[in-house]
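Structures follow.
Each of the next two complexes has subunit A plus one more chain, namely subunit B in the first and subunit C in the second.
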Partner chain A sequence: MSEAQDKGAAGSKTKSASSGKKKSRHDFVDGDRYAPAPESSEHVVVKDSYDLFIGGDWIRAPKRTETRNPATGEVLSEVGEAGPGMVKKAVAAARKAYEETWSTMPGRERGKYLYRLARLIQERAREFAVLETMDGGKPIRESRDVDLPLVAAHFFYYAGWADKLDYAFPGRTAHSIGVIGQVIPWNFPLLMAAWKLAPALACGNTVVLKPAETTPLTALKLAELIEEAGFPPGVVNVVTGGGKTGRHLVRHPDVDKVAFTGSTEVGKMIQRDLAGTGRRYTLELGGKAANIIFDDATVNQAVEGIVNGIFFNQGHVCCAGSRLFVQEGIADTVVRKLKRRMDNLVLGDPLDKNTDVGAINSQEQLDRIKVLVDSGSEEGAKCWQSGQKLPRKGFWFKPTIFTECAQSHQIVQKEIFGPVLAIQTFRTPEEAVEKANNTPYGLSGGVWTDKGSKIFKITSQIRAGVLWANTFNKFDPASPFGGYKESGVGREGGLQGLAPYLDLR
Partner chain B sequence: MAAKNRLAVNKTYKLYLGGKFPRTESGRYYEVKGRKGALLANASRASRKDFRNGVVAARKAWPGWDGSSAYLRGQILYRIAEMLEGRTEQFEEELRIQGSTPSTAKKEVAKAVDLLVHYAGWSDKYQSLFSSVNPVSTPHFNFSVPEPTGVVAVAAPEKSSLLGLCSAIAPILAGGNTSIVLASHSKPLCAITLAEVLNSSDVPAGVVNMLTGFRDELLPHFAEHMDVNALLLCSDMEEEAKMVGKRAAENLKRVVSHPDSALEEDPYHILDFQEVKTTWHPVGV
Partner chain C sequence: MSADPPIFPDLRMLSTIDQVGVEERAQRFQARSIKSESKLSALKLAVTMLDVTTLEGKDSPGKVKQLCAKAKRPLPEDPSIGPAAAICVYPRLVRVAKEAVGRSGVKVASVATGFPSGQSRLKERLSEIRYAVGAGADEIDMVISRGKLLHGEFRSIFDEIVRCKEACGGAHLKVILETGELQTYDTVRIASEIAMAAGADFIKTSTGKIQPAATLPVTLVMLEAIQDYYDRTGRMVGMKPAGGISDAKTAIHYLVMLKETLGKEWLTSRWFRFGASSLTNDLLMQIRKQQTGRYQSADYFTKD
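Now for the complex of A and B:
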């Protein structure tokens, strides 16, 4: 396929070297501004090969795929690709575990397993953070300070619900559903696994989890922890593979509920697949969040919020603040300050503790970003990119903003899922709200103003599931997350996040 | 009953769209038959265009209905109950000529009135029940509240033509949504008479739009319309649910399926057409 991948394939001979012992130094170019401060990957154990985790056993799938470090192109490991037979086996194992152990176990005991798992994650957080960064390309600062703490917290939070489910929904008694099929994306590989597994297990269901094709490693290591924590076999099963594997899982008639995080396009396919079957689904899909800056906002704070909103995790965030609406009077100031701030972002080695912007997750995603960015210039918006030099190997994209955007531009309407911001201006609050709501999506939004009453007026009018006032991209296990309109169905997190995993009678 | 030598004045059953009672733009009709095949009325056979007009009316009415206070919505629902109670005899008569026994007709109307009173009370209470303040670990005030999904298309129960209809639309209304409703095909009379009740109960124009016609003709459009946010399907037919679900995916409509019968009184039916919004607000000085 790509040049970078060819190089990686040639380097597959050095697989054992890449799996921990000796690291080839990589020519990251941003190191001239700050002294390199790389996080060590010595202590990370990556096996040369991983099997599927089914019914408590590691089962070898005949078909194998490699998973690479997107920042260097080097092969990290190879994993199995589960076909229909393996998926069937995993669902059967989950069904058996559901019927024989997990659904009949007292909630308190289920909770204790989850607490134990949360603790194991905390103990090994550093190792998981480093591997997350190696497999996905996100800065270690984020995987260490955001992903991993939230993963542990999520298991900890839902562990406590396991014996309290009858208190959650007034007038109802809570019952588990059965076997849950979960398909998760590559942008927060371990965090999404936690968001899916923790509530499902707390509610007494068993799970077949399919991690993303490009980022399977932390989920497989999580399966090792689940084994180590002594979970009954089959309660959690992990099948790796691509879209096909996901489809086999979603379409399996013995999967009682599907939970999916990913693109809106695939979400719609799932809704079609499950139509009329009575099988449940929750979908957490794309977004095109509006970040609205009023002229009475604290501008420096807002600029930080914009940067965090769109460049966090290279913009590989479904709730990213990818549309910026600035009130006319302060537009020039905001854009000037934003450009200066963008020039100061550190782009490069994701394992370096100074790095702000890591690698794009895959060649495929990089191509998608490029196509949409090209369309922005072609359609008449004005493109500006920050001045960092890009490393030669791996997948990279410069922080990018567009000014002079129109509502009809593809960069305003479509989810780019990269470090690309479309900036528009507005005069009145009504105009801001109307433009903000003018997309098929409705996942998140941001409002920046010094005036409290204005905050609540605007947040109540934005048709989106999560609204951040004078902040952005904040997450917490106690806080429900999920979209309006074409951004999805159902909520994850908090009390509301239990409902999709319960049969309420 | 009519006096001797006086010719009865029959009612024309039309549609209810945007607060008005137009005939279908298609000019079509279908015959509604009673017991022993007697012709009861020529009901309007609504078209796709009628439905689309209904969606436009519902969308236009939605900000006002969603923006009105929960207390006001409760009062309006209660007003519907009052108006319905006042026309008890008319509804009983319509149920009877469409096949109910006098005693079941009497019970059905009474139940419908009571159901509306029940939901009138929910309109300013379900929010507290389904809201939460969330103890996040960062210094933020974080809370989640239900908000109406928006415009809801309803395929009302076929068999339960008054109570079923009221049980389908009352939770949608109490929750601040607007709707386009396809009434029972074989028993459409109560639906249009109910529209008259709604029209005289301070329900703003466009909040409920009532269609009569053919399910298999209209349901695909209900499912496909891109400006409809959710769909309530009261049906026992698996094929129908499948068709609706597949087409509804185009704009990710929330599809709620229910058997072809009246829905129980239950605040969770309100929650079916709510979205949870979570707001983060920093705490600091």
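Now for the complex of A and C:
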């Protein structure tokens, strides 16, 4: 004990001496950031190379691509790029599994597999969260506290429906559809896999899943877990690759239904490809959500909601609150508070537990954001960026807001899919509603007011699939999600999310 | 304070509070992970923000003297730790405390105005302040009449605080809202606004005699009130959460919230205090742990 004390005294002496000269950058008061608190990634097993998961086997594709950590540029692993032959094989495996086992299995048995998978995900949640952050660049706080709990919740929720399908749509009988081709995006890689797989499997369909090119790893890990859970071979197949692979899958004539989440541009291509084939599709596409703040809103909480709306997952969110409408009387206050709050966001290493804003997913996306932000300044909107320093390696973009935006500016019209907010003010509620609806999209929106009656009045006038009142970006497996207009077709989640995976007669 | 008389605030201009939003935000501060150097400097800072408190019927001059010694030099073997900001006692023990702290820089704070209930006539409450200030108190922790506040007599609360502030003379006034009795965050916000407008130097959550005492969300509501008041008037007001903060981890959550809400200017004992009796030793224990890499038994920290 005395030894410890001596050491301590000596330690404190040297410390106080050094602190007299120069304060550390991690000093709580004078430092510019908190000391690093990284989540350990040691327990995460990432193989050097992953194959395609087809018919319960891991099959090697001759063509390979690398997947990188967008925060460091470091190569994480190498995955196969499935060509037309591999996709064909995967669809055939899914067809076989559909006919021989999965579609004839009683719903309660299918439910058991899904429950087992949900429990396995919960057990391994930390590992998945870390890998999701490494492959995609999102903060560990989000992958740990948002993505993974929702992934497990989705499987639990739809597992519960598996044996109740006959009661889900009274007066109609529910039949499975067949083989489903699913193409998912890079912003919530594992969560989107869960949104797609859980209802499809619960309804008795089999699946060929294609994860995004830049974020394939958690889907492949999920395939390992599906193997571990003992699913019959071919019920779930995972083929990795880029847009071409996706196109092969979508165009395959033996795919009975396509489910896609991604850009409106690709969504339109899929619609063209499937037109006249009689094959079904659901599309969850882009958005340009209006977040409307009335002058009777709870201002401090609204500012927090704005931040959650646009800087959550670096703004790589299709339902992000990327257009802000503030009633003129409180506009200055809201912008002042928003700037102050933005300066307090911690930007950097996504694995650090204190990080609020992580890395941009890819060079391509970063370029796209930059082009649109430049256009904003050129077209006359006023740009303001928070004061964080950006790391040297990797892809980063500072939280950005534009004031004095016009409805005709590209930053107001186009989906930026980055941490960029376009702010407009309004005088009357009618004006806010008109501008909020004046967009080709209609995925989500938010209304902030302390007055309950106003919430109902305004939200009923906004054409968007999801509306939040006095909160933003809240998700639940029991709640349907999907868009109007160019934001997509069909709903995912809840009872409504079952229908697209069933043949209702 | 300037010579201008305090003006009753326009309560229509106040922002309302969303309970769910505030509690969610408060939880975010708890998710911060403060490590190594950041942690050590936060712990050291917390020690200097302590209002070392004893408010019991059985308090003796001896106990107060012991606490003063602790406040002056919390960790005997390390003079770089502390001193605490103040010692907080009942009016009758102010004189003892004042003598014991001497010129150490540790302030003497006294509760007054019919602490903890505030259920006595204003006349007696004011004379209690004068008595404590006369005995040498540097700071007065007053309680408001919660009954009147809940009854909607906002103007009366305002006048009461203005009178107390006058009675304080040069002493700093901390206004205890007793948030555990105020029922809603909106009431806490209104009370904060009235207290600041009436001239409070600090607003304080609780007496420590009512549960719940200080919580992160209620402190956040008050910090936001301070910020809005500062934006409007340019006058800084201090914050003191009191009661229920008994471990270093919780104290650090409060400091993170303070830093990320009001900013660096408030990260000093001039503008932030912890009202606590058992927090001190946990802070010291954690400081030693950070410095040496191991925990020491509670017997190596003085109990006063």
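Here is the rule we use: the second predicted complex is superposed on the first by the 473 of 505 C-alpha atoms of A that agree within 3 Å, B and C clash if a C-alpha of one lies under 4 Å from a C-alpha of the other, contacts with A are read in each partner's own complex, and residues count from 1 in each chain.
In this section, a contact is a pair of C-beta atoms (placed from the backbone, for glycine too) under 8 Å apart; a residue touches a chain by one contact, two chains touch by 3 or more.
Worth saying up front: this structure is predicted, and the values here are computed from it rather than measured.
Of the two partner chains placed around the shared chain by superposition, subunit B and subunit C are both touched by A:N470. Touch criterion met: A:T459 reaches subunit B, while subunit C stays clear of it.
In the superposition on chain A, contact is made by A:A37 with subunit C only, not with subunit B.
When both complexes are overlaid on chain A, the residue A:N354 reaches subunit C alone and has no touch with subunit B. In the superposed model, A:R141 makes contact with subunit C only, not with subunit B.
Counting the residues of subunit A touched by each of subunit B and subunit C gives the higher count for B. Shared interface residues of subunit A (contacting subunit B in one complex, subunit C in the other): 470-471. Residue ranges of subunit B in contact with subunit A, taken from their complex: 129, 132, 134-138, 140, 142, 144, 147, 149-150, 229, 238-239, 241-246, 248-252, 254-255, 257, 267-268, 275-282. For subunit A in complex with subunit C, the residues that touch the partner chain are 1, 4-5, 7-9, 11-12, 15-16, 24, 26-31, 34-37, 141, 145, 296, 298-301, 304-305, 336, 344, 353-354, 450, 470-471.
Those residues of subunit C that touch subunit A in the complex are listed here as 15-18, 20-22, 24-25, 31-42, 45, 77-78, 80, 224, 231, 255, 259-260, 264, 267-268, 288, 291-292, 294, 296, 300.
If you check the complex, the residues on subunit A that touch subunit B are 153, 170-172, 264, 267-269, 271-272, 274-278, 283, 285, 440, 455-456, 459-460, 463-471, 474, 476, 478-482, 484-486, 488-489, 491, 494-496, 504.
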